[in-house]
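Each of the next two complexes has chain A plus one more chain, namely chain B in the first and chain C in the second.
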Partner chain A sequence: MSYLMDVLRNPDGYFAVTPLSCTCAVFATMFFVLTMIYSFKHMKGVKGLWKYYTYLVLTYVATLGVLFSTTFMVLMVLWGFIGFMLYLLIGFGRGDGTPDAAGKALAIIGGTDVLLLLGIVLIWSIRYDGGTGLEGLFRLPIGNLGIKLNSTGAVIAYLCLASAAFAKAGAMPFHTWLPETARNAPVPVTAFLPASLDKILGIYFLAKVTLEVFVMNQAMNTVLMALGSITIMAAVMMALVQHDFKKLLGYHAVSQVGYMVLGIGTGNPVGIAGALFHMFNNTIYKTGLFMAGGEVERVTGTSDLSKLGGLAKKMPLVFAAFLVCSLSISGVPPFNGFASKWMLYHGILESGGRLWAVWLVAAMLGSALTLASFMKLVHAIFLGQPSELSEKAMRKIGKINFSTMIPLAVLSFLCIVLGILAWKIPFDDYFRPEIGPGFAMPGIWHSGIVAVVMILGFLAGYLVYMAGTLKNAREVAPFVGGETLEDHPDMRVSGVEFYRTIKNLGFLKSMYSLAEKQFFDLYEVLQKTARAFGIILSFMHNGVLSRYFLWFLAGLVVLCVVLV
Partner chain B sequence: MINEGMIPLFVAVPLAGAFLAALFKRLGWIPDLLGVLASLFSFCLSLHFILDTAPGASFAVNVGGWGSFPEVMGKVVGIRLVLDGFTVFMLAIVNFVALWVSIYAVGYMKRYTGRWQFYTLFLLMLAGMNGVLITGDMFNMYVFIEIASIASYALVAFGVGKRELEASFKYAVMGGMASLLILLAVVFLYASTGTLNMGDMREILSGTHYSGLVYLVFGLLLTGFGLKAALVPFHAWLPDAHPSAPAPISAMLSGVLIKALGVYTIARIFFDVFGFPHQVSIILLVLAAISMGVGALVALRQWDMKRLLAYSSISQVGYIMLGFGIGTPLGVMGALFHLFNHSMFKSLLFLASGAVEYSTGTRNMKEMGGLNRKMPVTGGTALAGAMSLAGIPPFAGFWSKLVIIVAAVQAHHMKLAAWAALMSIITIVYVFRITRYAFLGELKEKLAGIKEVPLLMRVSLIILALACILGGLVLLPQVRKMFLSPAVRVLIGMGGV
Partner chain C sequence: MMFLLYFLVFGLVVTIVMGLVTSWIDRKVTARVQYRVGPPFLQPLIDIVKLLGKETVIPAGAAREMFLFAPLLGFAGVVSASTVLWANQLHAAGFMGDLIVAVYLLTIPSLSIILGGFASGNPLASLGASREMKLVVAYELPFILAILVPVIWAGSFGLGDIIESQKSFMTAGHISGMIALAVAILCIQAKLAMVPFDIPEAETEIVEGPLVEYSGPALGIFKLTRSMLLFTLPFFLLVLFFGGLRFSGPGFFRTLLEYVGIVAILTVIRNTNPRVRIDQAVRFFWGPVTILAVIAVVLALNGI
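Entry: the complex of A and B
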């Protein structure tokens, strides 16, 4: 088996370029460059920086390898390697929870890698019945296998491959590493892997497997759509009640994956194009959000919402970028998040089936809740009265920090431009082979015209405002119960508890308390189950020789009886 | 230039080293030097056999010239030493690990008194293992097993503390029982075939219907060797014995001893002599599945670093046995490959745990933390070993687990493949406990003054870590043709993988 040599000598057989992988690679490159720029300032003073940058470069190269690979084995090895790099990169975090977050990420991603391997082997077994030997497995191509989901083995194989994609992208039920990582890893790492590259990889792989390797049926599509809808709703509900903005953003990173899974589950070109477009949009605004949030954390030294507030005055540019990205993730027109969600809604409508209304409601409600949660976030960080901590931090803020602002500017710009130009993008060119030719942007939404109208509207409003101000407006200090707010810092209104009522609603209350006990965390559940077995087994290992001897004899007797 | 007369040197040189070490015990560093030199020689010799012979060539030498005589119908009466692809494969692994362990021990054993005793026992154990590997004679195999086992009982008790003595006692009782069963089996075999030579035995047994006595022998041998290999339910001595020994010996015990005395012997006798009967295959699969599960689940709960590794050994031997139990060329290849990888990463991890104990004075992971900052080499190499154990690509362990799972699916053992995959996930979780609690996180105040271990220990760690990182290259055709495939071919006639 001249496998490795063969890969090196004959890359054509193992790597190929498709329009979609090319598009993904362009985005990956962009995020790589932006993360590098962002890291200059943000990672200053961390020990072992050369290692950090080496890991980043290796991750990037491996990502390109995954995107262009045409055989399962190359993909799987690089895929696992990226998971390992993520583990090492999280290790650069400085919080108390960092080791556990790294371990959780490694266990979930590494564990699903094993499932990925199992799935690949199953496909190979279904397709060739093991007849091609190890060589055949190593050359098993991704695509054009046309495996029908009509046997248990095929269904299990699909679920195995999908779970690997879900874990990478952070969809439920393999999402639990993501919020922890977002909270504990250094911000550039979160922005680079969970927010952008892992999303691209996971959804790219899911699309490839779903559309090229397997022939989907209605049942499996429904499963995907259900998982997507649950992910959207559950994660956004969790996001609503978070106190740490990094963790909050982490839950949104999970929630948004739900849209992509939902879109791929629709099985029609519009939905799939919407899912892929949403994936790219999501990487843009989510990276932007993490980077802006990271800048806030760098300046103030905390990511706890209750300690922040009023930063907009001194960080207007960061605020602007954060706002653009927030509106974009909430699906407010004309930003890019709306364009892709619009396509997704159409995909759901076209998907047919009895449950389309449920998916549509989940998607739209999720979008509304996202907006609600970002209202809280924007208010708590940037608006309202400055907290003590942000007062202190704002005094220190000096020049514009270019290593942060360049990435933020690029990303916000993309949020707007992609949103306005969405109806001009030839998706069938960029997303082949997943989207065939003859794809047309659905509906009567013309983002360009709408954008112009909206800008005109804003201008008109501004003019009215100016006109009104000039004539008869007067400015007063905020008035709260007869006291001047600035004199009473303890009366500050923070956005942290905006949605506490939701947490205390009957049914949701019990769900939240279960979630707090990590009842829905597959990793914790599995670990606890395994521990329980472990307790029983270690109770049996009590160190008494006579008991061990009994086992030995029993084993001997059983073996002899069975054999003779 | 290959000389068949060199084969006995695998036993003779370590044996001579053992007695010379005892003789020169008063000359401070001589025993250390002898330990390193003897294992270096054995390793070079096995390399020589791998590199300078045609792949798959087999050599035999009759000790004392006692070959076959017409009076006994051409049967071999003396002890015949045989060296084929499988033997050479095992010899290379055993002596490679022994070499780096002995170099590590030069640094590590400074704290102990009576180092000459350590080296004497160490070399006796090595001689015993090499003897088991090269012998072609049933009774002789038993003798070498006893040499290696008894040396290891003594080495487990080397620290002469309460726990060490208890562990050694349990190990000796259980091991003694196993040896007894093996001896009994050899006796029965001799009674039913009239020969002790493995090659002759195979010829006499082939083509005949196995009698009940032979099946009884299967049971006895599986139990006896199963105990040496620490298969559940014969494993109970291992979690006590392996952690109690000094770290270099733990590395030898878990890394190679259980394989030379247990796994190798099972493979050699059941594949080579008995032609791998179907019942044995099923028994091996069942035992392997139980071992994988029990070892991994109990390892999840350990706080003693070496004890965790010991339970993990039980689980990993289960993987190796799974490969053998499948019995297809791919399965056997996976088993041998995993055996190789397990030797590397498990001895590395035991040596790393020894390094941690050397610096911090504890094995309890609750008392550690943040050691990466003070001991970067130990931390880095332990990470490599741990990732190889966890089967994260592209580390070596991934490739061998891959081959085993592929073999299981190919042989339509779907449930076993799924079970192996599930246990592999559990493995990641317990492996992470080591890196998490020992090496990551904040440094404890108590440990602020610790230092990295001496140079010789670091060298061993680094070399073994390289083996864990690059071990996957064994699958490359050039290396495989020379190293792995001949061993597979000995066990499974075709070996065309």
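Entry: the complex of A and C
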């Protein structure tokens, strides 16, 4: 209690402002405001709306607290509070899977919070050898500890802290709550926490712990890079075959974290700057994607890809925003996703080591696969032929929904502007202390010039159009070998099964079938193990007196053997 | 303002001219292989000009804006890729972008074909475009590995550095370089959607796939983009594996030989092979081709 009073009485001792935390806070504020605007329409008619908005505000305040806190204890308390808020917010979802998803998120995030506490205690004991008492534990600062990873305790402490960050950001192996949450939580909640604030918090904390608390060595960096690469590839492969667009986006929220972990693992300024830049870019386009998807769900009432299609005609603005965000996340120049990925690739090349080629290929192939899964989304939701459901929905669509379009416009504008201005951003000013002064970019990426050249290319192509016959364009029925599409509704290609070829490919086929059985899901595996223990225990405790007597005797024998 | 010069002169004019000439070579050689006379020199240009005069037809049910925007996207992509390559070829210091930028810009034409096909609202186009996407995913893995080999030899992503480091000894001279070059040629065969990897277009089966609904100027721009790629991709390989273009004396003939050699290989492959299925293509690229590419990378990392 006195500790709490102390925190409130002299906040200077517990909170401080750094350029990086300031940048994070600016973005967090932006997402808070955008989510508020977005929620007006999307949470209409939900019971307990005042509770919903209270939770949002509390989450936002706690996030600011985490970003500015300088002691581990304050950070941990607020960190756990945000996890709990996420649990409560997921509860506003209306799907059948909502309680399970909320429970899973709480179990994984809460479980890693315990690891976080363990890590903090370990650091405290390594640093002060317990000599400062509990007072020292409460005031343990984040930063300037310089703990070397040369003892088992230090390694365990680092892994504990990193797993808390991984679970929050959704990196493997603590990612499994994210796709479930994305599918079952209300869209504004997904856009607010897993897509933006949780990413900022997780990666901010990981960067801080990695760079300020510990002194990294090559082995630990390699572990980080390997985890990052696996996260990128495995999550994007899972995303490729999803049928529900919210779950698909959830898997991408996991996959993108891989890039950030990979970047921090490179251990050089370019890679770290790239990782942090990618974190901000990711929050921008991922929030945009979730919000655009949420609008589609609101209009059509479903997130099942096979029931959608052809919506671009009646939702051109939502489609444009979705397309910009998809191209950004796939790393198409000159959008922002490319700029940060470009920095990451340079970081990987500089990181040296024997395995840099592997990380580079994982990162670059991951981005091609991301493009593939977003092309599937673009086709199945917005392009292609409309399904029955989307035709019905398109007839209802009325005025532009500003509560969706304002956030989407802001986010897609940022995607373009940050991409084009990338070469002029002074990263060492915004990302201190993680990126020290005198940070220099290797290689060349004149994003502005390339953007101008691309625009000139567009103009040249447009002139060709103008010289041609565009003005008197005629509209005719599509050519399908002489058939008419209206008479054959079964000819519609929805796009859901675009990548079945890849799914059925030798080695991948068995991996996919294992993944479908949730073999790689730590939470499920642990739950199954626990259930197995339960079976054994229930066999032991069957309520029959003679069996309890048998155990009693067995225990006595063991005791005798040990004592004698 | 230097980039305006590169854009106008090299990115646009030279690339278009060279692309059309190359596509004439391709067609002429194909015709000779098949005991035909082949088209006159100006035929590729005449084809494009003719398309500009044809009527623009938009399918009912298409996403009109996207449908017309897609060809421009591809065109802008190939023009900027070519501009980046030229700028680095002629500007020793390096300019605008490096290898990664070039690789990403060179995927934009495929992206534009996919988006255009999707936007046309035709099931055949959707099928073709989805095959194109799978093809991109398939060849991207060996392609990335193959282009890593010059990066390993030069120790940098900079195109200028890659050209510079090959002044004395070109990448294709190493064993790893040769393997990587072979892999890269197979990959650009697929990037150009030439037989045996013309699966997305498969005229006999899905009537040119993503392009089925295109006509008039929009189709003309797609065809022009394809021709420009036919120049830009071999040029990209020249930069990576042969130390770029040389303009003086014997060097010029060497460059010409290398360039025509790559184009001839592409043409010969396309004339002597039947089309494969998409799953065969994915297996081919992720199987033997990737293994070859990995071998090349491992050899290069060990300095062979």
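Everything below uses one rule, namely that the second predicted complex is superposed on the first by the 533 of 564 C-alpha atoms of A that agree within 3 Å, B and C clash if a C-alpha of one lies under 4 Å from a C-alpha of the other, contacts with A are read in each partner's own complex, and residues count from 1 in each chain.
One rule holds in what follows: contacts are C-beta pairs under 8 Å (C-beta built on N, C-alpha and C of every residue); 3 or more make two chains touch, one makes a residue touch a chain.
Worth saying up front: this structure is predicted, and the values here are computed from it rather than measured.
In the superposition on chain A, A:L365 contacts chain C only, with no contact to chain B. Using the contact criterion defined above for the overlaid structures, shared-chain residue A:G310 touches chain C, although it does not reach chain B.
Once the two complexes are overlaid on the shared chain, A:L456 sits against chain C while remaining clear of chain B. In the superposition on chain A, A:L349 contacts chain C only, with no contact to chain B.
In the superposition on chain A, A:V378 makes contact with chain C only, while chain B stays out of contact range. Once chain A of one complex is fitted onto chain A of the other, the partner contacts of A:L106 are limited to chain B, with no touch recorded for chain C. Once the two complexes are overlaid on the shared chain, A:P333 sits against chain C while remaining clear of chain B. When the two complexes are superposed on chain A, none of the residues of chain A touches both chain B and chain C.
In the complex of the two chains, the chain B residues touching chain A come out as 169-170, 173-174, 177, 181, 212, 215-216, 218-220, 222-223, 226-227, 233-234, 236-237, 239-240, 279, 283, 294, 297-301, 330, 387, 390-394, 398, 402-403, 405-406, 409-411, 414, 417-418, 421, 424-426, 428-429, 432, 435-436, 440-442, 473, 475-477, 480, 497.
On the side of chain C, the complex with chain A involves touching residues 3-4, 7, 11-12, 52-66, 68, 71-73, 75-77, 79-80, 83-84, 94-98, 100-101, 103-105, 107-108, 111, 114-115, 118-124, 126-127, 129-130, 133-134, 136-137, 140-141, 144-145, 148, 151-152, 156-158, 207, 212-213, 216-218, 220-221, 278-279, 282-283, 286, 297, 301. Considering their complex, residues 310, 312-313, 316, 319, 323, 331-333, 338, 342, 345-346, 349, 354, 357, 360-361, 364-365, 368-369, 371-372, 375-376, 378-379, 382-386, 443-446, 449-450, 452-458, 460-462, 464-465, 467-470, 472-481, 485, 491-493, 495, 498-499, 501-502, 504-506 of chain A touch chain C. Residue ranges of chain A in contact with chain B, taken from their complex: 1-5, 76-81, 83-84, 91, 96, 98-100, 102-103, 106-107, 110-111, 113-115, 117-118, 121-122, 124-125, 130, 133-134, 137, 153, 526-527, 530-531, 533-535, 537-538, 541, 543, 545, 547-549, 551-552, 554-556, 559-560, 562-564.
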